[in-house]
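Both complexes shown next keep chain A, but they swap its partner, so chain B is in the first and chain C is in the second.
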Partner chain A sequence: MTLSLGRAADSSLEEAGAPQPAHLVDAQLVETRLVAFYFLAALAYLFISMLGGFLMALQLVHINPLRGIELLSPGRWRMVHTNAIAYGFLANAFLGALHWAIPRLTLKPVFNRTLSYLIFVAWQIVVVSTAVGIVLGQAQGLEWGETPVWIDPVALLGLVLVTINFTIPMTQARGPLYVSLWYFMAAFVWTPLTYAMGNFVPEYWVNGTSAGAIGGLFIHDLVGLFVTPLGWGLMYYFVPILLRKPVWSHGLSLVGFWGLAFFYPLTGIHHFLYTPIPMFLQYGAVISTIAVEMVVTTVIVNFFGTLRGSGREIVTNLPIRWFYTGMVFYAITCFQCALQTTMTFQALIHFSDWVVGHAHLVMFGVFSMWLLGIMTYLFPRLLGRDWYSRTLCEWHYWLSAVGLAVMAGDLILVGVFQGFWWGSLQMWDVSVDGSQPFWIVRVIAGVAMFAGLLVFLYNLYMTWRLSTAPAPETARLPAATA
Partner chain B sequence: MNTPTVTTPAVRRRQLMVTAIMALIVLVPSLLGFGNKFREFILLFRGDVDGVFAISPIMNYLLAALGFFCLFGWAMLHGMFHDIEEPKRHFLETERELDRRLPNPPIA
Partner chain C sequence: MFESKSGILGIAGLAFFGIAFLSNAVIPMLMYRNLPEQKAEQLINANVRYQFEDLARRFPAAFEKTYGSPPAETKEREAWLNQKCADALRLGRKVYIAEACWHCHSQFVRPVSNEERRWGAVSASPEYANELQRPVMFGTRRVGPDLCREGGRRSSDWHAVHFFRPADLSAKSPMPEYPWFFDGAADKPNARGLAIITYIQWLGSWHETYPLYEQYEASPLQDMQVDAVPAAQQSPATQARKATP
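So, the complex of A and B:
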């Protein structure tokens, strides 16, 4: 098979004569420097988010190092924690990975590289402004939609520009689309619409119960229509490359995609069971959630079908281990989701730490794990050097995976206890005192995860330092195994 | 370099069956459930003015679903599902070719 990367790119390859550094050849299609910038920004926000989470966890065990400073009160830190993970870490890491994957899938560079850099700068301004606005007390009263009202139009414009920049090369791709491109295309349409719905509709047009229903749709659609399609799209891209074999069934992957497209948009109201929202809407949300669980099953079956016969890769191939650990956590969270949407179970766990454990399992255990796996694979390619220390990569994985498993398990368990305490009409203090041992365990687990991130940052810094030194003759790019 | 994956007719039949079964498991109960609840919504909408406020999430869903229904039709008409397994092989070949162009290809 002969590929053309475009006349300019091809001729520059031919004229080069002497072999070029690998990362420069990658750059014919991919703006590798921008991918690295996005990943570094994402890691900076992950650091801030984890710091915020750590401070909140300390607050719950009666330690507040920022006591008396109103601007840094726990309620504001908590919002910085959740927004930094969504718009700082996840959005930046996704954009970085998309700048790698889409040009290689379509064989077209992004629509405009200058626009890509403009979006990068604008998005950092949006995220920092959101954090500053929250700290100054200008948060909107909507979970995950706390971005101050004055930054919302800028954020929406940025999302529309992202859509334009990526969708144009995708529409120019020849032949039937690979499933990743279907997911990406859908995410580029869904994300600006979801953002507009959550940030503008309750603010300017509807109120009361209707605004509550929109809020429920918004928060869950951010997970299902922004994070999920991008996450799965990237997994369908990276897993076959790293396993060096195609996905088990492309047809089944498309069932998953179209199932998500038709059934996900109504699930969000399951966050508001037992509220004044009409029961038929609540039951509709329950049914569509169960339908989505079926869809999820097709995706899980497909990925484990792909792994069949290559199970040893879980041990030897670190990015694959990150990916499949995330998939196991994904299966667990979806099973939890199916339980949570039953009215009986919802009555037990509503408002409890079960929900917090579930959220951490989804956001860190699944999507952050996938993105950290992608970074583990791509950073050496971006820097043109293998990792400074494979052992430190292992430490990063184990501290993150075990820390997350302990934290999520701990919070899920205490959530059940809290539900029973409240259900038996015990005094509020009883549930708070009873939760203390679990909250102490949560601090320890969080410290382990934070330590994992610090290890990763140190390893990355040392790898970057080595990459700036002259390369030995035998230097090779890392392959599918990190 | 791995040998290319060979898909025999038996494997293709099995994949098609799994795909069809999963699609039925997802589609039939969901369509029944949603259709029933939508009928209830119409009844409420006609009989109770307070039910009007529920229209925004429903309209939200219907617009999104309509858009994807159109996209699905477009994809079918443009042969996107003609050889449904071909894109997975083409994509991997493209990736291999891109990596082969590197002066120092990734270590296999």
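So, the complex of A and C:
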């Protein structure tokens, strides 16, 4: 028990003055069963997404055990891969974590618990229909918005309901708002707006170059205005609790939030540099991307300032290790972003695997790491039982972190090669043949990450089995004894 | 303001999003408001019509099965072919999206990285002002080559075999096979097969350089060919090449 996963930090900051014991507050505020449901759904989609990614990665190294089967075509599964991550894994895991964090931050339950369950069911229908629609060949021609057009209004309605369900308790909360709530509130305004803009405007109203500009905005706003603020909001919540101290600098938190809010939405067009989109708009996107990097630096400094003096927690506290690994990857990926957004870098690396490496670094290396860390921290609290095996938790971490680092490094490197092969006007085949060794390494790294997930699922299953069996009182967490 | 609910919801949430939408989305929309969206029917040109009729010659049984027989009278026949060709373009684009072709093939030529030499003239906005580019198929990744000047480069036979089994033509190609575009054999394309070939052959068909072959060095032959085109219509690359002694 001495190495249990940060349980000593159970008395969270916002409850310091609360008269009731933490577990009673939990029972009234947090619908723990729903949090667990969301996390399980998220993990199921992560499994599907990794399966899709694996299928596409195998295709690139000329292995396709399912060739000739229309519904299992690697192209379609590539779209399932990206969409299952965005709407299946990230959205579900965020909603689960938010159902835990927001009631505890506002000391109010969500607006309506029945609505929460309704949203849960509706969202699973949205995600499953998206996957089925894509597999059946009904994809929409918009990156990260491949959700078939007939699902878009339902998904948007779901997002609006999420906004209502969470924003009402937040606006009713008394006293100054904590940093996390700034991020959450803004994200709940931005996400439905982004979704509506990206899925409807370039589909029904504008074409060509203008549609490209909006497509770029959509891809980037989905990262910058949905995933990023929710991710950072959760970090501002969980990190101080686990480290048992406040965030290092409130001023830097302000700079980080307002800098992100202003500059991040302006960067979208950097996905389509050197297209026919007017150059002054492209330059504007480049400049604001570099500005985002400056803002990001302040946030990273703030969090490492918070860690200062508690560095040993990286070794002993597994969720903290997930979080800070994610932050290191975040620093790398944002620095990379500031470089690759320049026209000089773009000429070389655009269209190449560099971009794919970057995307994995962000979506898995940062946000999935954070969410998996949150799950590592919360599952024992949701199940009322410490992890079945700390060793398996370690395996999950190391397989994921090393697998991701190898995959991202490998793809970023081959991206540079591809850029030079293309720019030097060699035959196209040269770039495809030359990429083979790197694509093989990518498969192996992906298998490692996949294995990490399987280890985690096995560990979770065993923990759940133990939690349902009567356990000696000493093995149970205090939060679950009520 | 910075920590208040109204500031966060109103300024960060709504206003900043609005500023970004105005500056990054509304400005290009206004700039191109005078570029009317062309329908697929308006996109039919002699090049793509030639390719479409070529499909009828190469795969007569498949063509008739999919589209029926054309009317005998010339004028009606022309209108019929144009309409079927437009339908094929629409379905071809749908297939292109459904199979995620656009996840591995881009559709724009950049003015950098020697792309003009490899793919042809740099892309321009008017090329994309049509319903087949809503949403636009720029793409963000090139596992395979760019396709926006692909039309006419290769024969429809080549494309049929290539869609059926890419490795037969390009031994190390990582492109998946698409046997569901065919009724069992590469010479029997079905509606989707005919449509995707028409769509690919259409790409770049509006351009004066159609068909444009990949070139790795300037050949004197190419300069002879482009001399026939008035200087104003030539691509900047051609003009630059001719300006250098």
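The rule is short, and it goes like this: the second predicted complex is superposed on the first by the 450 of 482 C-alpha atoms of A that agree within 3 Å, B and C clash if a C-alpha of one lies under 4 Å from a C-alpha of the other, contacts with A are read in each partner's own complex, and residues count from 1 in each chain.
In this text, a contact is a pair of C-beta atoms (placed from the backbone, for glycine too) under 8 Å apart; a residue touches a chain by one contact, two chains touch by 3 or more.
All values derive from a computational prediction rather than experimental measurement.
In this overlay on chain A, chain B clashes with chain C. When the two complexes are overlaid on their common chain A, residue A:P176 makes contact with chain B and with chain C alike. Of the two partner chains placed by superposition, only chain C is touched by A:F272; chain B is not.
In the superposed model, A:L105 makes contact with chain B only, not with chain C.
When the two complexes are overlaid on their common chain A, residue A:H350 makes contact with chain C while staying clear of chain B.
In the superposed model, A:E394 lies in contact with neither chain B nor chain C.
By the touch criterion defined above, A:G419 reaches chain C but does not reach chain B. In the superposition on chain A, contact is made by A:G68 with chain C only, not with chain B. Touched by chain B in one complex and by chain C in the other are residues 176-177, 186, 189-190, 193, 197, 201, 206, 208-210, 213-214, 217, 254, 258, 261-262, 265-266, 269, 277-278, 281, 284 of chain A.
Per the touch definition, chain A reaches chain B in the complex via residues 1-3, 13, 19-22, 25-26, 29, 104-105, 107, 175-180, 186, 189-190, 193, 197, 201, 206, 208-210, 213-214, 217, 237, 240-241, 244-252, 254-255, 258-259, 261-263, 265-266, 269, 277-278, 280-281, 283-284, 287-288, 290-291, 294-295, 297-298, 301, 381, 475-480.
Chain contact summary for the complex, chain B toward chain A: residues 2, 5, 15-16, 18-19, 22-23, 25-26, 29-30, 33-34, 37-38, 40-41, 44, 51, 53-54, 56-58, 60-61, 64-65, 67-68, 71-72, 75, 79-95, 97-98, 101-108.
Chain A contributes residues 59-62, 64, 67-68, 70, 73-76, 78-79, 137-143, 167, 170-171, 176-177, 182, 185-186, 188-190, 193-194, 197, 201-203, 206-217, 221, 225, 254, 257-258, 261-262, 265-266, 268-269, 271-272, 274-278, 281, 284-285, 343, 346-348, 350-352, 355-356, 419, 422-425, 428-429, 432-433, 436, 439 to its touches with chain C in the complex. Across the interface of their complex, chain A is touched by residues 2-5, 8-9, 11-14, 16-17, 19-21, 23-25, 27-29, 31-32, 35, 37, 93, 95, 97-104, 106, 108, 110-115, 117-118, 123-125, 127-131, 133-145, 170, 172-174, 176-180, 216 of chain C.
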